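To start, the structure under review is shown below, and the notes come after it.
Letters A, B, C and D name the chains as they come in the text, with residue numbers starting at 1 for each one.
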Amino acid sequence: MSFPLLTVTAAVPAVGAIATAALPAARRTAAKWLALLFSLATLALALLIAFRFRPGATGPYQLTESHTWIPDFGVRYELGVDGIAVALIALTALLIPFVILAGWHDADVLEDTRPNRRWRPTQGFFALILAVEAMVVISFEATDVFLFYLFFEAMLIPMYFLIGGFGDRAGGHGEEEAAAQRSRAAVKFLLYNLAGGLIMLAAVIGLYAVTADQLGTGTFSLQQIVEARAAGKLDIATGTERLLFLGFFFAFAVKAPLWPLHTWLPGAMGESTAPVAVLITAVVDKVGTFAMLRFCLQLFPQASSWATPVILVLALISVLYGALLAVAQRDIKRLIAYASISHFGFIVLGIFAMTSQGQSGATLYMVNHGISTAALMLVAGFLISRRGSRLIADYGGVQKVAPILAGTFLVGGLATLSLPGLAPFVSEFLVLVGTFSRYPAIGVIATVAIVLAALYVLVLYQRTMTGPVRDEVRAMPDLRVRELVVVAPLIALLIFLGVYPKPLTDLVNPAVGHTLSVVDKKDPQPAVQVDAVPGGDRRGPAVRDQDVEAAK
Amino acid sequence: MNPVNYLYLAALLFTIGAAGVLIRRNAIVVFMCIELMLNACNLAFVVFARMHGNLDGQIIAFFTMVVAAAEVVVGLAIIVSIFRTRHTASVDDASLMKL
Amino acid sequence: MENLIALLVAAPLVGAALLLCGGKRLDRAGHWIGTLLAVASFAVAAVLFADMLGKAAGHRALHQHLFSWIPVGGFRADVAFQLDQLSMTFVLLITGVGSLIHIYSIGYMEHDERRRRFFGYLNLFLAAMLLLVLADNYLLLYVGWEGVGLASYLLIGFWQHKPSAATAAKKAFLVNRVGDIGLSIAIMVMFTTFGTFAFGPVLAATGDTGEGRLTAIGLMLLLAACGKSAQVPLQSWLGDAMEGPTPVSALIHAATMVTAGVYLITRSGAIFNAAPTAQLAVVVVGAVTLLFGAIVGCAKDDIKKALAGSTMSQIGYMILAAGLGPIGYAFAIMHLVTHGFFKAGLFLGAGSVMHGMNDEVDMRRYGGLRSYMPITFVTFGLGYLAIIGFPGLSGFFSKDKIIEAAFAKGGAEGWILGAAALLGAAITAFYMTRVMLMTFFGEKRWNPAEVHPHESPKSMTIPMIVLAVGSVFAGGLFSIDDAFVTWLEPVTSFAHGNSPVSATAVTAATIVVLLAGVGVAWLKYGRKPVPVAAPRGSVLTRAARRDLLQDDFNHIVFVRGGEQLTRTLVQLDHSLVDGAVNGTAASMGGLSGLLRRLQTGFVRSYAVQMLGGAAVLVAATLLMRSV
Amino acid sequence: MSSVASVHSLWTVAADMPGRIPAPHIEYAQLAPTLIVLGAAVVGVLIEAFLPRRSRYYAQLLLSVVALAAAFAAVIGLAAGGFGSAKAHIAAMGAIAVDGPALFLQGTILLVSLIAVFTFAERRLDPAAHGNRVDSFAAQAAAVPGGKAEQAAVKAGFTTTEVFPIVLFAIGGMLVFPAANDLLTLFIALEVFSLPLYILCALARRQRLLSQESAVKYFLLGAFSSAFLLFGVALLYGYAGTVTYSGIAEVISDGAKQIDPALAGTMGNDVLLLIGSALVVMGLLFKVGAVPFHMWTPDVYQGAPTPVTGFMAAATKVAAFGALLRLLYVVLPGLRWDWRPVMWGVAILTMLGGAIVAITQTDIKRMLAYSSIAHAGFILAGVIATSENGISSVLFYLGAYSFVTLGAFAVVTLVRDAGGEATQLSKWAGLGRRSPLVAAVFAIFLLAFAGIPLTSGFTGKFAVFKAAAESGAGWLVVVGVLSSAIAAFFYIRVIVLMFFNEPKAEGPTVAVPSPLTTTAIAFGVVVTLVLGLAPQYFLHLAGQASVFIR
């Protein structure tokens, strides 16, 4: 029994949450630093995972841990990571420190609140963030459906408190009204996702019933089920499989969020503080798309390909719909929220295009979208915290008074419109190509979104940053060191992953290959067989792996 | 005479009792109606005992009487106390808690 | 040698990084660093050029593979450069003109506190443009393609405090994005067709591919070219782009970036050759645009906008030539280079004039400036002669060849295209003469109290002189026993078309129409004085002033329509999609309120309900047995 | 006529028998738990009679705690002695079953009662009246509210220490209820635990009008339903000629075959069987508070003293569901195809009804009442499974749920303003700001009710739904998850209220409880989390105990 790296990685932030929450009310700053420390420790562990992980190795999952947990439910404590999970864990662990740093003052107690020895919002805020991190990490690691479900659902609670409990004092109509709107948004978030989760619960139970019925003992182990299916021991009736698939997919589609189940996102992101919004869209929602890739496809291959057309259409709608609504938004954060809806549409598109480009692209998209949205949203947060308003109309000419802020904002925006050279371009283009190569029409229509993306980003930038300087922003300070520390690395990462995404692709490709093999789909072959690219020696070793993959 | 008729009688009594519970306002009367229902059960027991030719039914009847007596004790206690508070024994007045 | 190629891109890239991230401490040295790196890039280019000339025609192409960029399944994108004669031509043009304009900008932007950033952007542009022409596959080309778009966006909107500038920048980027759809779809089709999108294999495999797919690719590439090269119907952004500082207009919106479309089409020659339909589309677009731009150019009073119209039209010529296939590619590029010289020169001249006239752009407020700024006048004049195709100057050679080629297309097409080209030449002569006359001749239409016209500093005049020299001799140089054609031939292939009319006839015709154009212009603007307030003018004039209403069309159809659409969608999202959710919640609440009523608080009603329940229970049980 | 004659002959023959009736043989050891509790109750009465007032409270408390602990120990002992599995059999002349489910449920009831007794004995919450600490029970229940006698009683510092023996009697009845193995015992047990509860409901110190009203409502409806139950018993007796579960089951299983034709009119008459069983089941459904027999629940829960409410909500449900399980699994398995569809309907009605009506509640106790109804529905889903998994899941759910409920109501007793407990939901606004700890604990309980993962509520819900799904009741599960989604809404609403709303100026204060209540709440939290995170041991236990002796 080797060192339980995965467990520890999930446990560290959990411990950190408890430790932070336990600090007395007076030790606010201490709480912040403690939280930051723990998040950094988690990051270190995540990187360790990334290094311990061997992309080429055999077997779908690595660093696996498996212990009996609740035999009566056929539930095992099974952890394991594939390339996709590693990438997403790394993303999560990477973003949390920045979230914490960015939210450094978001939970400071206002002076006017009457002193209360017991009420410790600061500690709570950072403890909750760490709690979310822990749960997200373990749901990326879980290879047991039940275990995954537990944390998939449980993470709603801390998120709920983060959304409802802490606002960015920029609501407009006074703190009382803002609080009301906030709690409404939080409740909507929770109930919406809870409903999805409960429907998934029914499907989970159904899955157990099926396995118990056909394998003798019910199991939730992803690998067991996949193997049993491959061996022909498990053969779910078509109707049942479709129902179960829908149950799972609904939950993930709500979380993702996919049109028309998206309406909770703008509210949740709009009302909460920027760091929390980042937490929602860049970290938590990724669990949904990740789960589509890991659970929906692998547990119910036939049903997945049965539902593909509908899902692709929904995804396409999300892509265009989100972009169009983003164009029409007056609220910076809601605009970013709708942009995210559009991006999640792309991710789903890539997943269900069932091509290696599509799915690798989707996975990269999850990572890149996480980083780019984090950059954009956090800078937007800094901007909003300065002016105390979320309305685009309240800004103008910021570029003149705060050039660095404007510059970083622009870079974030350019990443959002997936400008070549920045990370999101790679993933978006892969998704488009992957989709196009199987469903040309959908691919072409989706391409329109690149114009819309440019539209909403540039309009946002023009209205807020350019033009004559408004009096309200005249005194606006430029980014502070702490804020720069938050943004600079993200931007650097965006550029690096845009120029050299190979480490990521090498990580992801084998996992995608495995998924596709489970779903039993092959990339469509080109119409014309071109004799190999001139100078075949140009293919790197990873490329050769690709060939092996393709051969398989 | 066919004992089954007594069963019908029992059923009738039970129904009367039930109807009484629904119709009457006075707590005491309502309570008496419930007693009537219990006694209807007793009758049924005895009749069945007669038909089956075993003693169980009659024994049960005795138990039932005891229970009924106990119920009287508790019930009257409660009803009396609420009567002393409200100076009315109408069950409809006891409707503070609703919805 | 090939390892130097990366250096071409790296030098300006480093410059951009330094200048944009360097912060205030670089403010003083910024422009020098920028210029230096641009020149360095040019030096490298020169070295490579010399080396290339040393090689045999067939073996001149260099290739440099840096690293594998996006390897996923069969999808393989590499960061690899390819430097052949075509790329080389562009590299020299870009770095050369680029360097000159850097130098020019030192003077032009002297008083702008954000000069460092300006040079950063310029370097960024050079890097992106070089990437565009050096890439060895379409995806990498796409990166450069969007990169120049970004640089152009930043530079057009450089004076962001002017809303007009910010809007123009946004418009440029958006219209370009529309073109980019074409490029990305083209790449997708290539990938699904050939399994790759590297120039080599794709262009090699066009032979054994269905024409349908090739046509699709071709049309998509054309769309991309329209966006970047401001061709109809995506030309609307170029005029507004003149909001940018003049050096930008000279470099990006005259000499280099806008010609990227021509490069794309020439580069993809093999595809177009195999897809006649696409080719036809290309020539049509080219012909239409060359007239469109020329007409617009005639009506504009803003000197830069007039020049912009002419740029549009000149690129129309190039596109037309490129659309003609092997008989045209070389001439397209040749005209592109000569145009790079004289149009850049003209813009710099215009900039110099504005510099001396307190940034006044309305030609109706110029007049008689030749005596105040002689150097500008001379250089501008040479550029003018070149562009109208005055015999012996660059423009003459390149344009004349294109017109010939157009006729050589053969058949009715040939006649139509040739006629269009000739007409364009005439109009060109007209509007350029108009510009010339309104600016440097006639009486002074400016108030001496406010403006004191003066010659620009050396840093500005020298580049103008250099470019003027280029615009005088380049064409002739290239045409000495078809040096240019033979130079490009290995890449673009060349075929002599069989023209129905002899070359001499065409040349003669060209000269005639040229003189006609000049004459008309002189009659209109040279003989009688030019009114300061623009006359109402004919319907055509008014339409031309408004870019032939094409902008209004866009505004009504796309902007208004789009706003309408989004507004409706917002409504729907709120009322329908979200409404459904909230509705469910509300209905639950209502139901709850109804069911509560059952809890009347009366014992007897409870009893009734219990009795009813019991009855139902019994009935149901009996029912279950009976069924 | 001949048939009547033959019956008469039978009857006379039977009449000669009395001499031969054997003396009953009672296995006292195996009935120990019940006997201990009832014995203690009797002793409690004597204490009331003979001890001076001062010392009664402590004596009663000690007695009750010791008795319940001893009884619990006895249950453990029996279980350890294998009576739960191998040596399971029917004691006391077939009156009481000693088997797995019985022992498990008795253990649960005893543990719950022990905790409940702690909350009964709590004397720190109410402000001291005239210098002597008081609990939540009336000084003198017989005295008219607000009357002189009451004031005198309060001044004298009287307290109703009778609650301890009374509750012990109730517990005794509850212990027998799920173990009862014939209908008579069932009925007696029902009355034995119902009558004390009626009294307890009437004993609230504050808001006595409501308390008395709840008592009278509970009493009348309870008696009404027990009359139905008894009539059902009569009919079943008529059908089978016996009231022992095994006997009836036997008659059902081999129908009306070797039955004297003389009795064809009654014996084996399915109408009797069906109506009778329906009525008996209805009596039990009333106790578990299933729609449409739930009307009493909200009113009684609201009016009764909160400790009593907690006790009722927890223990009564356990006992009643135990009895229901035994009845359906031992007596009526042969009728499965008749009662399952009906129960389907009842379960769906109960789940949805409880959840939906709870949405608009404004009183925390009433809201919890409705939530208890919804939970009854969830448990019914497990009952319907008619499989060992079904039994074990129900057992587990009961265990998990009862402790959460106790804890929740214990927390309710802490939040007080001038008028006693502040059960108005609106008054709970901002509680999270005032005292985060209490609010957090309550939030945990609410999340457990809502069935959020990592709490016992989720494990229980998963268990019952899983059992239901395995038995092919997939759509029931879907309805179940939907109604729990609805239910989530009002639990969340309370959390919003506590954490996201600004505290009101004249809001309630949170009283600092004595170790008694603290223990109760702490125990609740611990059980909630343990059963949420590591339920295996208890699931296994429930699984072991899931075989009924026939």
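We take it that a residue touches a chain if its C-beta (ideal position, glycine included) is under 8 Å from a C-beta of that chain, and two chains touch if they have at least 3 such contacts.
Keep in mind that what you see is a predicted model, and the values were worked out from it rather than measured.
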| message | Counting C-beta pairs in contact, which two chains come out on top? | response | A-C
| Taking mean CA positions as centres, which chain lies farthest from chain D? | C
| request: Could you put a whole-Å number on the gap between the CA centroids of chain A and chain D? | output: 46
| Rounded to the nearest whole Å, what is the centre-to-centre distance of chain B and chain D, using the mean of the C-alpha atoms as each centre? | 24
| field | Geometric centre distance via CA averages, chain C-chain B, whole Å | value | 97
| query | In angstrom, rounded to a whole number, how far apart do the mean CA points of chain C and chain D lie? | reply | 80
| message | Give the residues of chain B touching no fewer than two other chains, as numbers and ranges. | response | 18, 21, 30, 91, 94-98
| Where in chain D do residues touch two or more other chains at once? | 216-217, 220, 224, 228, 298-299, 489
| query | Which residues of chain A are in contact with two or more other chains? | reply | 191
| request: Pull out all the chain pairs that touch, please. | output: A-C, A-D, B-C, B-D, C-D
| Which residues, counting only chain D, touch chain A once they are in their complex? | 392, 432-437, 447, 450, 452-454, 458, 462-463, 465-466, 469-470, 474, 477-478, 480-482, 484-485, 488-489, 492-493, 496, 499-502, 535-536, 539-540, 543
| Of all residues in chain A, those that touch chain C in their complex | 188, 191-192, 259-260, 262-264, 321, 324-325, 327-328, 355-357, 360-361, 397, 399-400, 407, 414, 419-421, 425-426, 429-430, 432-433, 436-437, 440, 443-444, 447-448, 450-451, 454-455, 458-459, 462, 465-469, 499-502, 505-506, 509, 523-535, 538-540, 542-543, 546, 549-550
| request: Would you pull the chain C residues touching chain A in the complex into a rising list? | output: 20, 63, 65, 67-76, 78-80, 139, 142-143, 145-147, 150, 153, 157, 160-161, 163, 166-167, 170, 173-174, 177-178, 180-181, 184-185, 187-189, 191-196, 198, 200-202, 204-205, 208-210, 213, 562-563, 565-567, 569-570, 573, 577-578, 580-581, 585
| request: Would you mind writing out the residues of chain C in touch with chain B in their complex? | output: 596-597, 599-604, 607-608, 611
| request: Spell out the part of chain B that touches chain C in their complex, as residue ranges. | output: 18, 21-23, 25, 30, 91-92, 94-99
